[in-house]
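Labels run A, B, C, D and E following the written order; every chain starts at residue 1.
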Amino acid sequence: MIAAAFLAMLKRDVRLALRQSTDLGMILGFFVIAASLFPFGVGPNPETLARLAPGIIWVLALLAVMLSLDRLFQSDWEDGSLEQMALAPAPLSVIVLAKATAHWLTACLPLIAVAPVIAVMLNLPAEAYGVLLAGLALGTPTLSLIGAVGAALALGARKAGLLIAVLVLPLYIPVLIFGVTAVDAHLTQISVSAHFLYLGALLAAAAPLCPWAAAAAIRHSVG
Amino acid sequence: MIAAAFLAMLKRDVRLALRQSTDLGMILGFFVIAASLFPFGVGPNPETLARLAPGIIWVLALLAVMLSLDRLFQSDWEDGSLEQMALAPAPLSVIVLAKATAHWLTACLPLIAVAPVIAVMLNLPAEAYGVLLAGLALGTPTLSLIGAVGAALALGARKAGLLIAVLVLPLYIPVLIFGVTAVDAHLTQISVSAHFLYLGALLAAAAPLCPWAAAAAIRHSVG
Amino acid sequence: MHRFANPGRFMRVADRLQPWLLWGGLALLVAGLYKALLDSPPDYQQHDTVRILYIHVPSAMLAQGAYIMMALGSASFLIWKHPLGDLLARSAAPIGAALTLVCLITGSVWGKPTWGTYWVWDARLTSMLILLFLFIGYMALANAFDDPARGDKPAAILAVVGIVNIPIIKFSVYFFNTLHQQSTLFRREGPSMPPEMLTPLLIMFGAFTCLFLWLLAVRLRGEFAKVRLRAIRAGLVRRAETAGRRRAPAGGPVEEGAG
Amino acid sequence: MRRMGDAPALFDAVALTCLRGRRLVFEDLAFRLDAGGALMLVGPNGAGKSSLLRVLAGLIEPLSGAIRWDGEDVTADREAHRARLAFVGHLDAVKPAFTVRETLEVWAGLFGAEAVSAETLDAAMDAWGLDALAHVRGAELSAGQKRRAALARLMLQDRPLWLLDEPTTALDAASVATLERLVAEHRGRGGLVVASTHGGFAMPGATVLDIADFQAEAA
Amino acid sequence: MRRMGDAPALFDAVALTCLRGRRLVFEDLAFRLDAGGALMLVGPNGAGKSSLLRVLAGLIEPLSGAIRWDGEDVTADREAHRARLAFVGHLDAVKPAFTVRETLEVWAGLFGAEAVSAETLDAAMDAWGLDALAHVRGAELSAGQKRRAALARLMLQDRPLWLLDEPTTALDAASVATLERLVAEHRGRGGLVVASTHGGFAMPGATVLDIADFQAEAA
């Protein structure tokens, strides 16, 4: 039953995201458009762009997460769907995990899919693609999970802004830094396994903790 | 009466944004975290960073502004406030202008306030601060105005979220270009008045056109 | 339905042309590909990579053509409220986007051996990328609403405004410093290309044009059918609902609506 | 169409047809109201009561037909029409973050600030028993309290035409009585009321209009 | 406290006290229901009807007191309690982007997918007259149609305890009759119903509980 509820919520959220935020083509288009702002800003010099590329792509990941995460629970909260989820027999943390997974599938996975195109446009050396993508694949789920806690905190809590600034944003920073520096390390022939270990450890910590924390925050908000 | 309605809406939206400080925290958080990511990628070479600083700040400002756009009308639309605004005797475009102004005050002004911090982090020469800030002050209102059109168009859209971004980001490019080149021109001792004139012209065109277009889109959506 | 009577006549003409366009286009394509890939000389500098030209150039030109068609359709829709213009623009947009993508991809694949990079941010390439954004924006807006009547006007305005990009693409190679080739085909002095390259290029151009028009006709039919389907389904919902209502209290005599 | 040859009514509609999405909601609807008149909209769910009220408010364009005030088409001067009506729809427009008093202040400002004095505000809150809730945030209101705040908006604006969409939703018996009294007073001053209901709300002497009679198929 | 010495009731509450924000909403509230029983909550706006229903559903922790099912405190096994109740609150939980059928499918999945067959779905839609609306999106529903979709949720889950907060809001007379019939059937099968109302909704033989009697000030 737990698996059924997980799948039902996952399917629902993916469908809802595809239906109401956009179809996949538009998500991809969005990332390409956002990435192409940087050359307009910093100029077309290929060498500079190459150096900025990992940072740009990770900034886009951050953007993708933030753009959609605050609506992860908000609209369900406002229209009463969230209280129904809190009343479902399946544990709420499983439902949160399903929602975070759906978010990752609809916001982060498309980014990973177009990352090579953006990397080409920004002239990133081809040998760095693998590390970049592996880092994204390992790091963005953590962003989604941490973001879910922030989104849950933002419901109802009066001082949510402060909580998020203090709790959630600082947690993003290590993920982003390891993700960016892994690419640089690889390009300067340094082994990247340490970076990936850190990213993996962060994910391993976030996967059980974040849904639990988010569920607690949600129970509080639907009261 | 028109002025009264403008002020009432302006005050309301500012107050609402300050009370739900989550959004503000998220925007500033994104801006600062994203900016602090680039030194890791580009390496510590202060000179390269300095050259890129205006572009990075401007692009991040665009993305951060965009991050807050979808809430400009959405929640008012969902809870029925927007239909009351559409029924107020004051022209809807004036109300839109008030909301865009409030958006600028609560989303862009804080960005301008932290921009110097980021400029320091990115090693921008001190003599460029003035031009950077002046450019932001002149350019960001245009961003808010254009964004209001996108946000209004996306109301009730099946594919709302990224629709805004896909429509609005390309329109932001001219502002971005003039904003960045102004700083570059100043650093290379060229007069920046032409750039500022262009930014001013964009604002002068957007100020009457955008509220009108957004109001038309809103009337359509509350029907 | 009277609004679409006119497109109906238009569709009949399009239907009659469709098989000609398809088979003609395919025949030209086979001939053109043969000439281009096997029966034309390699470039003395670029060797065989030059053969990308035969796809790159027709797709670049037709992508712009598709945009112009979309903008004209949108303009006629805005000015004369002609629904056919809107349908035409909606049909042309995805084809144009695909052609733009083909141009961008072939261009960057070609760029790697010739310029040493897949992509540079120069005026021609950037303005072509913006063309893609315009197509995406148009499609996003036009299809964003369940009631197509809501998205059509804003989308049409976007298409019309975006037309300024076309001359920028065209003249970017003259006004800006760019890596990209200047025009060799359309110049005042006439094309400066050896005939053994020009012929396959022209054949390919003809093939692309026929296939483009064929696809356009297919999509027009699809858009047209969508409009009709929606009208029919709306009628059904209405009828079923009144039937349900009539079960409870007695209503007036029910007649089937004309819809 | 249904107008007789006499003096124009204060507020009337002729041959109204409303299309939403691709649904023809009602067809050829007409009514007339004179000063102090009231129109009670009834009909099953989905009949088109809310749609008609939105058309009358100018939020939806009718497909065809005309709405007239004093014999003059309201589309001639939309701003004047907006300034003469007050609309309470299904949605309450109460912000969770604002207190009840702030909510009313905001609306007062929007509807022409100078006119609304602190006394009017107090009177509105008093009429709806909101005084005790003045400093309670919207998020902490019960459903009926929220509805009362929305209805208090009517007292802030001195509008001749009230458009009320199921106004008694979530109201307790005392508040329904308040609403009935306020509506009666408004009509006594020559005001007009168009209200929809599924029952439990009385407007003595109101014309009853069953929207189901104007359904497309029944024509 | 109010329990007599006999066998434990199927569902009862003792000495319930509820604090929301800084307001003591009700104090020392108790009731008992046996199989087929119904409790009708009445009281003015803000009395605490919704609060009580949310406490019973486990959405709010009571400040003190106990809720028991078959004599056992429900906090002992919250998951089991959630699995035995169905809650319809003030909010409809209908997504604008989903069609009516999709909405029901989603809830069916959430409440234990395997159990809900296509027939159950069809039966639920049929009971509420939603068949014709199966493919209409939530955004295009009228207020009553949305409410009917929310109530159709009750048919998807075979739950013994129904908690209904002003279920007749926005419903037309025919739908109110449907609800009354379904509630009667549910009680006939031994199910329990706790419902709040401001009138216009009948549950023959229900115990009426006026929350105003348990107000802190009245103690």
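In this text, contacts are C-beta pairs under 8 Å (C-beta built on N, C-alpha and C of every residue); 3 or more make two chains touch, one makes a residue touch a chain.
Remember, predicted model here, so these are calculated numbers, not experimental data.
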Length of the shortest touching-chain route, chain A through to chain D: 2
By count of C-beta pairs in contact, the leading pair of chains: A-B
Rounded Å distance, chain D centre to chain E centre (Cα mean): 31
Chain B and chain D: spacing of chain centres that average the CA atoms, whole Å: 37
Cα-centroid distance, chain B relative to chain E, in whole angstrom: 46
Inter-chain centre distance, chain C versus chain D - centres from mean C-alpha coordinates, in Å: 48
Chain E: positions in contact with at least two other chains: 90, 96-97, 133, 139-140, 174
Two or more partner chains touched - positions in chain B: 20, 78-79, 156-160, 162-163, 166, 170
Contacts with two or more other chains, residues of chain C listed in rising order: 133, 136, 140, 146, 233, 237, 241, 248
Residue ranges of chain C touching chain B (in the complex, touch as defined): 130, 133-134, 136-137, 140-141, 143-146, 150-151, 154, 158
Chain A-facing residues of chain C, complex: 108, 117-122, 126, 129, 132-133, 136, 139-140
Chain B contact footprint on chain A (complex, rising order): 19-23, 26-27, 29-30, 33-34, 37-38, 40-43, 48, 51-55, 58-59, 62-63, 66-68, 70-71, 75, 78, 154, 159-162, 164-165, 169, 172-173, 176-177, 180-181, 183-184
Contact set on chain A toward chain E in their complex: 1, 4-5, 7-9, 11-12, 15-16, 19-20, 78-81, 83-91, 95, 222-223
Partner chain E, residues of chain D touching it in the complex: 20-21, 23, 43-46, 50, 90, 133, 140-145, 147-148, 166, 169-176, 198-200
